[in-house]
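Take a look at these structures.
What follows is a pair of complexes built around chain A, which joins chain B in one and chain C in the other.
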Partner chain A sequence: MRTRIALSLTAALAIAAAPTAAGAQRLSGERPSAGSVEEGFWTASDKAERAARTSAELNTDPALNAYVRGVACKVAVEYCGDVRVYVLDRPFFNATMAPNGYTEVWSGLMLRASNEAELAFTLSHEVTHFERNHFLEAWNAEKNRQNAMLALSVGIAVLGATAAVNSGSAEAARSIMDATGNLIDVVYLAGMTAFFRFSRENEAEADALGVRRMAAAGYDPRAAATIWTAVRDETASSQFERTRKSEGRLNVFATHPLTRDRIASLEARAASLGAGGDDGRARYRAAIRPHLSAWLRDDLRRRDYGQTLFLLNRLAVGGEDLGVLEFYRGEAFRLRRQDGDLHLAEEAYAAASAWPDAPPQAFRELGELRRKRGDVAGARVAFETYLARAPQAEDAWLVQDSLQSMGNPT
Partner chain B sequence: MNAFQRIGAVVALGLTLGACATITPVPAGPMAVKNEYSVTLGRMWSDVSPILVGRSKKVRVLSIDGPFLNRLYVTEGLVPGEGLVRSTVKERPTPMIRSGMSANERMEFVADSIAAMEYQRVEASAPRPAKFGSANAIRFDIEAKTPEGLDMKGTALVAEAAGKVYVILYLAPAEHYFAATLGEVESVMASVSL
Partner chain C sequence: MIRLFAAALACVLLAGCTTTNSRVNTQAAAVRPAAGTRIVLMTPDVDLGLLTAAGMTEPRADWSRAARDNLASQIETAVKARQHAYSTANPDDAMTGRVGQLLRLNSTVGASIMTFGYTNALPTKKGSFDWTLGEGAQALSTAYDADYALFFTGRGTYASEGRVATAVGLALLGVSVPLGQQVVYASLIDLRTGKVVWFNVAVAGPSDDMRKSEGAAGLVAAVFKDIPL
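== the complex of A and B ==
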């Protein structure tokens, strides 16, 4: 987070620098001139990229990163050498490309794209922001806001340091400074939210050129509308009224209002380019399959079970990975615990258990729910299957305890 | 009031409250947790609860070297609907105790609560039978990372007795600090008198 504060400082110091090239198309391999506004962004982006390399959220699977990088290169074409992609395990729908080419793709996006073409569109959209230097336009529009943010951040830092000096112990000083850091983060985040709000014109341009870019790379342009339609529908499935009313602003900075008009526009653009092209569904599923379970578990920790259940339905459309998907459907119902949910969870675990890719835990949870319902024989079968499938499980003694507590079979 | 003024007001309020928060020493010897149970501390700790934002009211957090170098969470009995972490936004609910939780679900509750504290890659492992005073309990280990990538280790003792769930959770950086205080934490966990 210190990096983020530095980013604000660096960017603010760059205000008085050279004239900008907002909206101009950049050349591949182009670096900003010394002392320019863009150089400030590059410096800040370089720091953010260094932080990402050691982040706990960085997905270090070389195969997955190579795959996403490959898709990015396919749509970035002339900018392929400028773009560096990092997959971060964050359960929200988001991808960003910084002015220096540092690109984040979050696992929440990977989980929600149903094929390679949908991923290609989101990356094409970001490449367009990069290509057209939209950052500079956004910066020019928001720099007054940034100045205010910087002043507030400095004020907080001074107040925090004063409080720390006046504290009675090293521990207290450290804690106060940390609390102050958190407050600066709040200010920073508010500023970043404003900063990343590209104009409506920038977004429209990124959509239009993004669709064209993905189609030129051989992808089916209809995927542009299908992924945003899915995001809108997932938002409508939220169990929280405020989220449902947010009109599809699922991405963390809420910068892309998903209106019916926008989706219609994407559909029209795809139609004008002609149907067809590759959707890369099989390749895409093969790439994300090793991460499905971990990403779904992360998604459940958001505790918006309505959205998770929508997501599971979308992932299950092709009839693949049903052991894993039905298990997590059971987990969503078990954790949600609304009326009737434990029954639905039991059904889902039972459905999962019919597939060879079902995690062993599906049998353990099935046994637990059957035991609670009084189905001793059914619970026993499920628990014994769990122990047979996972004989080295660390919690085997817990399951054996449950079996013993149910008594001997008659 | 515009957005900046609102942020400024929140920040000012936070600073004011933060400045009022005090860290108090907790001497070695018996420490009562409400009137529900007691533990015995082998050395002096500091009660850092007032400066930890998002803590549930029924959770007390002790530390020796500061909250980022070692934390010992000690809870009162938690009933359904209560948790270790308090939700501040309705759309971001935090893990809560539910009635009829299995031992695996109680482990999951602790791991998910640690994730809700913004730790990453939280994993619970090595569950084993234990005692919380006279009550049967489960003991397990924790591995996690801070968002910046620092490796953390932890250990937890969780029991359910008379419809309430009790948690003692220790978290510290894996390098040096976890092992340095683990002996004291083991003694505290073994000293529970319920």
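== the complex of A and C ==
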């Protein structure tokens, strides 16, 4: 009996591990035929896209959206007309391209790319999934895997596992009304989750063709490895042990295992294509600059200060936007509340205050920390600067009260 | 052998007719709209899929489309037979602004009624049915020039041949495998008060296949059995 179980297990694993055929290349402007599986996924994607258009998370800045669309078109080339990009304000590293061309780029990715070439690589990677119809392949692979699992469980049932019999009857006995609750939107959800499960082979292909695609568009192919390296290193600096151990699964859907091999292979590919090309660093920074503050505030809501501090260091490398970056460094320390963090926070706020782009709040926080430390004169200067810079602030009366309670300077 | 008969009996019992379960608003002053009331019939929101052998759901746009069109035409026929002025509208055309927000609110309220209005009833909802979109629903009344709106939602799966074969095979072993199931629900909203005056949910029987015109007719007739129109 044990042999038979082992045999059916092997069979199931063989099916699951069978390499999927390379995806057929799609033609630009191609639409799926009526009644096909693909059409079903397109319709589900159309629905998701309609919802995204009215989502509160949709970033509506026309300049930013036009910029990201421009980069997408530059790498999508023949598929430019098929791809519709939406920037969503979500503080996680993710970009997806649905089979109908509906593409999401999340602000967490925008914040982590350090130049246009890195964004171009992530989009090239997604365009390759789109071009090679990977979602359909992933779906078929999942279907085969599930069917194999079923065959396996049938095998167990034959061997007389009574538990399965009982749970089967319980299943049937569920009341009709109970079942209805679970059916709501099952089609939609099942469709969408299938997109996020590409196989390792699909990912490797998307990397390989993605690097080639970005290089062909004139970008420096070395950016492919640098963005994943940054993601891996950010994961390693996480506050949480569980995240650190996940080896680069910053992506909320956890579909992109970032092994050392993968980064090495991206580096090798870039080397074979030859260095050079544009990295568009200044253009990129100019495009995201208006959103830095809001996105960093979102990032702090993840409460992973180790990662946020890593991110801030990476953003500060070129010495730009230091007023904003130092302020959020201060915020990260203030919210982290470990030993010595208040001191680090005060230092960061003070550093921020030296730059013209420091948000007014930097002075309020600086004043507060100085007051706590007993530096009345320093606190007074900071609070007064805050009031001068943000006279209409909702909490101006609070700060005025703090000033009064500290008494007049002697 | 006894087990085999039990499985066969279960098959017969499960293959019953369309089952419905309706609710009427317990807070509304009057449930039944007066004759001549203007009613807007919203294009049904239908998502159907194929249930694979192992139980995954593969969306089928062609089925969803056919069912939506069949249901829309049967709903119109059914309402035409009553004493009300009606119009039709597609909610997908108006997903922006205030109207779009209200339509999405309606979807959420419908899903909540399905989840919390029946078996998993919230303590505050036991013995009462007082769901409402709020008075803001008047914006829908203005937008659609109507007093009431009738929404129809359908979700479900049809078993693939592989699934049926699996079910038959496993039934012989005494294991019951759920086949595809389709659920539709309809709600009638008083757009002047926002109240959900009537709500009905149906589990389609095998003869009421909404992908076909006759099936949709049977299903709509079952759902509208006690509609206050």
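Some observations on this one:
Following the convention adopted for this analysis, the second predicted complex is superposed on the first by the 336 of 410 C-alpha atoms of A that agree within 3 Å, B and C clash if a C-alpha of one lies under 4 Å from a C-alpha of the other, contacts with A are read in each partner's own complex, and residues count from 1 in each chain.
Note that in this section contacts are C-beta pairs under 8 Å (C-beta built on N, C-alpha and C of every residue); 3 or more make two chains touch, one makes a residue touch a chain.
Since we're looking at a predicted model, the values are computed, not measured.
When the two complexes are overlaid on their common chain A, residue A:G35 makes contact with chain C while staying clear of chain B. Judged by the touch definition given at the top, the superposed model places A:G276 against neither chain B nor chain C.
In the superposition on chain A, contact is made by A:D304 with chain B only, not with chain C.
Once the two complexes are laid over each other on the shared chain, residue contacts for A:T54 go to chain B and to chain C alike. By the touch criterion stated above, A:T43 is placed in contact with chain C alone, chain B being left untouched.
Once the two complexes are laid over each other on the shared chain, residue contacts for A:F240 go to chain B alone; chain C is not touched. Touch criterion met: A:E394 reaches chain B, while chain C stays clear of it. In the superposition on chain A, the residues of chain A contacted by chain B and by chain C overlap at 54, 169, 171-172, 175-176, 178-180, 183, 186-187, 190. Residues 10, 14, 19, 21, 47-49, 52-62, 64, 92, 95-96, 100, 104, 111, 114-115, 118-120, 155-157, 162, 166, 169-170, 173-178, 181, 183, 201, 203 of chain C are the ones touching chain A in the complex. The touching residues of chain A, when paired with chain C in their complex, are 34-35, 37, 39-44, 50, 53-54, 139, 142-143, 146-147, 149-150, 154, 157-158, 164-165, 168-169, 171-172, 175-181, 183-188, 190-191. Those residues of chain A that touch chain B in the complex are listed here as 51, 54-58, 89, 148, 152, 156, 159-160, 163, 169-172, 174-176, 178-180, 182-183, 186-187, 190, 238, 240, 242-243, 301-304, 337, 364, 368, 372, 394-395, 397-398. Looking at the complex, you find that chain B touches chain A at residues 3-4, 7-8, 10-11, 14-15, 18-19, 23, 46, 48, 51, 53, 63, 65-68, 90-95, 98, 100, 102-104, 112, 115-116, 120-121, 125-129, 138, 145-150.
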